[in-house]
C-alpha cells in the first residue's frame, strides 16, 4: 500500500473513545471520509486493536509504537513482524508519550526498511527532527510536546519550530516527508501546516475527542484535497 | 472465567513459530488437549495476537505484559483495559525478558484487581518472589533467568530456589498461587514442580519449539490431572 | 560506622542550595547539630559531592542512588564499590524521583550486604513497603510521592499510610527500620512520625530550602533525643 | 580549558584498576605523558572520582555520563552543573554501555552549550553518527559496540564504518570533531584512525588494563604529535 501526501494521520492513543469497538467505528468513519473526499487518511489504533482495524478497513493502518527486537524470546515486546502480520503498513515511533533511545530508532528504521514497512518518527525540536532525518525514516512529525492536546496549533503558537524543522531537515534529507503535529483542531490549522512546508498533519485528541467524528475529520481532511 | 490449578501456562513469546496464524493454531491445540485431558491450560500469545486468539478459543488467555497506565493519552502503551477488551483474563508481568519497576508492579496489580483481572508476576529469586507476594498478585512464577530456554529444569538444577520460594512466599501470603518456570520440557519436570509445592508450570520454548505441539502439551499437561 | 535510631536523614537532592561547596557547608551544620544534641543525623549529598563531604564530616554519609552493576565495563554507572570508596556507608535507592526495577532492588540489597553497606529503600505504598521489606534492606522510608516537597506531612495528611506500612512490614520483617518521609518541616511532624511507630524521618526541602539550616535541623532533630 | 586535537580520551569505566586512588594515579600518569610528549590527552574517571581527579591534574577531565535534569528535586541524578562544579569540562554521553533517548541527547547538548561545557556523544553506526552530528555536539566518537574491549580496532575490522561516518557527518556538520573508538590498543591503530579522517581516539581497556600504563599511553599518544 502506497501512502499519498498530503496526509492526515489519526493517532487513537489509548483513549477510551477510540479503543476496542470504538477503534473500529472511528477507523470506519475515517475510511468513509477518505473515500468521499479523495483525501489521504491513515489511522493508528492501539496495538491490541491493530488486527481488528486493519482487517476491516482499506485505508493505511499504523501501529503507535514498536520495539527493536526481532522475533524470538522477547516476552511482551512488540516486533515489526507482529504488527505487519496484524495488518499495519508501518509504525509511529518516538511519540512524545513514548520516547526511544537514539540507537533504537536507528535499529527500528533499518529493520522496517528490510520488512518494507513505513516509519513515522515523532520529534520535538528542529535539531531532533534533523537527527531523525539523518537516519532516513519515511516520515517525521514535528510535535512540540507542550502543545499536544492543548488545541493550540504549533503553526500559530510557534511557526518558527515548523519552519526551522523544514529548513534543517531539507539540508540533510530531501526524501523524508514532514508532518506537523500538536494542537491541530481546525482546517485553518491544516492549511497553515501545509503553507509552512509540511505535507500533512498528525492529530489525536482534535479528532478522537470531537463530538462528531465525521465532521471533525472532514474539517481536517478538506484542506488536503486541492 | 475461573482459573483452575494445577495449571500449565504457555508463553508464546515473540517466536515466529507462535505468531499470527501460528498463534491461533497453537492455541487451538492447547484447547484441544485441555478438553481431552481435562487439564487446566492457559495461553499467552503476543499482544498483537490477543484478540484473534481470545475470540477463537475457550481456554484462558493471558497477555504477556501490560503497562501501568489507564486509558488516555498514552500513545503505544498497553493498558489493562485494552487487553481485557481484546479478551484476555489477565496478564503476565515482570517476565525476565521484560522486568518492571517495583512501584509499577504494585500499580498494575491494584488496577488489575479493580478490573477483575488476573496478574501473574514472574520472579527470579526467593526474595523477589516474597516481595511480589507482598503485593498480592494472583500468581507468581519463579523462573531463574539463567535456566530459561535451556531445557534444564529449575526443579533439577536448583530445587532449593523453588522450595525457598514456596517457604518465603507462604509466610507472607497463603492465597497466591506459585508456578515453576524455566527449562521445563518433560512430564517428569512438571511432576517435580508439583512435588516441590508449586501449583503448575510456565513454559515457552519447551512447547513452542517442539516438533509436535500436541505431544509436547500432552506430556506436560498429564501430570496436572490426578 | 553504626547507625543509631531514631535518625534524621537529610536528602540533599540536586538542589543548588546543597550542591558543591554548599553540600559541604550543609553537612557541617548537620554534623554540628548532631554532636551538640547527641542526635543521630545522616546526610545524602549528590554523588559528585560524596567524596568531598564524606572526607570532611564524621556523621554517616549516604549516596542518593546506586546502580546494580559490579566494577567493570559499566561506563557512567554508579557502583556500590565506588560510593563506598568515596566514603558512603550506604545508599538510598528507589527514591520516588528515581524508581528502580524490582529485581534490581533485590540485586543491590544483596550486593550491599556483601560489601557491608547499608540500604535505605524508598517506598510509596504499604504494599510496596512490604515488598521492599521482603528483600531485607536495612531501612525503608515510606514517602507518598504526592506529598513530597509540599510541606504537608504524611503523618497528618495520610497517617493510615504510615500505620498500614508499619503493620504490613512488621508481619514480614522485624529487623528492618522504618522511616517516615514526605512533607516534614516541623518537630511536631517528627514526633508524629515516631508515635506512628517509625524510627526517624527522611527530609529534603524542609531542611535544604530553610533560610536557617541550623535552626531547621535542630527543630527536626530535637524530638529524636529522648 | 580549550581542547586540542588530535586527542586521546581515556575512559576509566568502572574498572577497579581505575577507581578511587587508582583513578588518581592513572590520571597523573596521563598528565605526565601529556606534558612530556606535548600530546592532547583527556581523562574520564568515574563520577564519584571526578572531584578528586579534576582537582589534582591539569589535563581536561570529562564525566562518563550525565542526566538531562537541571538542579532541583532530582534525587540521585547527575546534573551538568554538578559535574562542572566537580571540575569536569564536559561529558561523554550515550556510551554503548549507557545509551540515551534521542530527545535527552538533544536536551543535554543544549544545556551543555548554555553552561559552556563540552559534549562527546558516542555512536554505533554511520547513521547514528549523522543523527548525533545534527544536534551539534562538540565531539562524536564512533564505536561499533561489538568491537569494544576486544582489542580488534574498528579501523582494521570495519574501516568502512569510520569512513562512512566521516562522510555522512561532514555533509551535515563541518565543525564537530570525530573520534574513533573500540578495540584500540596500538599506535598503529591510532595512526589508522587519523588516516581514516578522524581526529583522535577514545580508549578504555586498552589503557586501563595495560600492565604498564605509562608505556600504553605513550604508545597511543605518540601518533597524535606530528
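First chain written, first letter: the chains are A, B, C and D, and each begins at residue 1.
Just so it is clear, contacts are C-beta pairs under 8 Å (C-beta built on N, C-alpha and C of every residue); 3 or more make two chains touch, one makes a residue touch a chain.
Please read all numbers here as calculations on a predicted model, not as lab measurements.
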Contacts common to subunit A and subunit B (chain labels): none
Going by average Cα coordinates, which chain is farthest removed from subunit D? B
Centre distance in Å when subunit C and subunit D are each reduced to the mean of their C-alpha atoms: 34
Subunit B and subunit D: spacing of chain centres that average the CA atoms, whole Å: 44
Specify, in ascending order, the residues of subunit A that touch 2 or more different other chains. none
Just spell out which pairs of chains touch, all of them. A-B, A-D, B-C, C-D
Contact footprint of subunit C on subunit B as seen in their complex: 94, 99-106, 109-110, 123-125, 127-128, 130-136, 168, 171-172
Which of the residues in subunit D come into contact with subunit C in the complex? 11, 13-16, 19-20, 46-52, 63-65, 69, 71-79, 81-83, 85-86, 92, 95-98, 148-149, 204-205
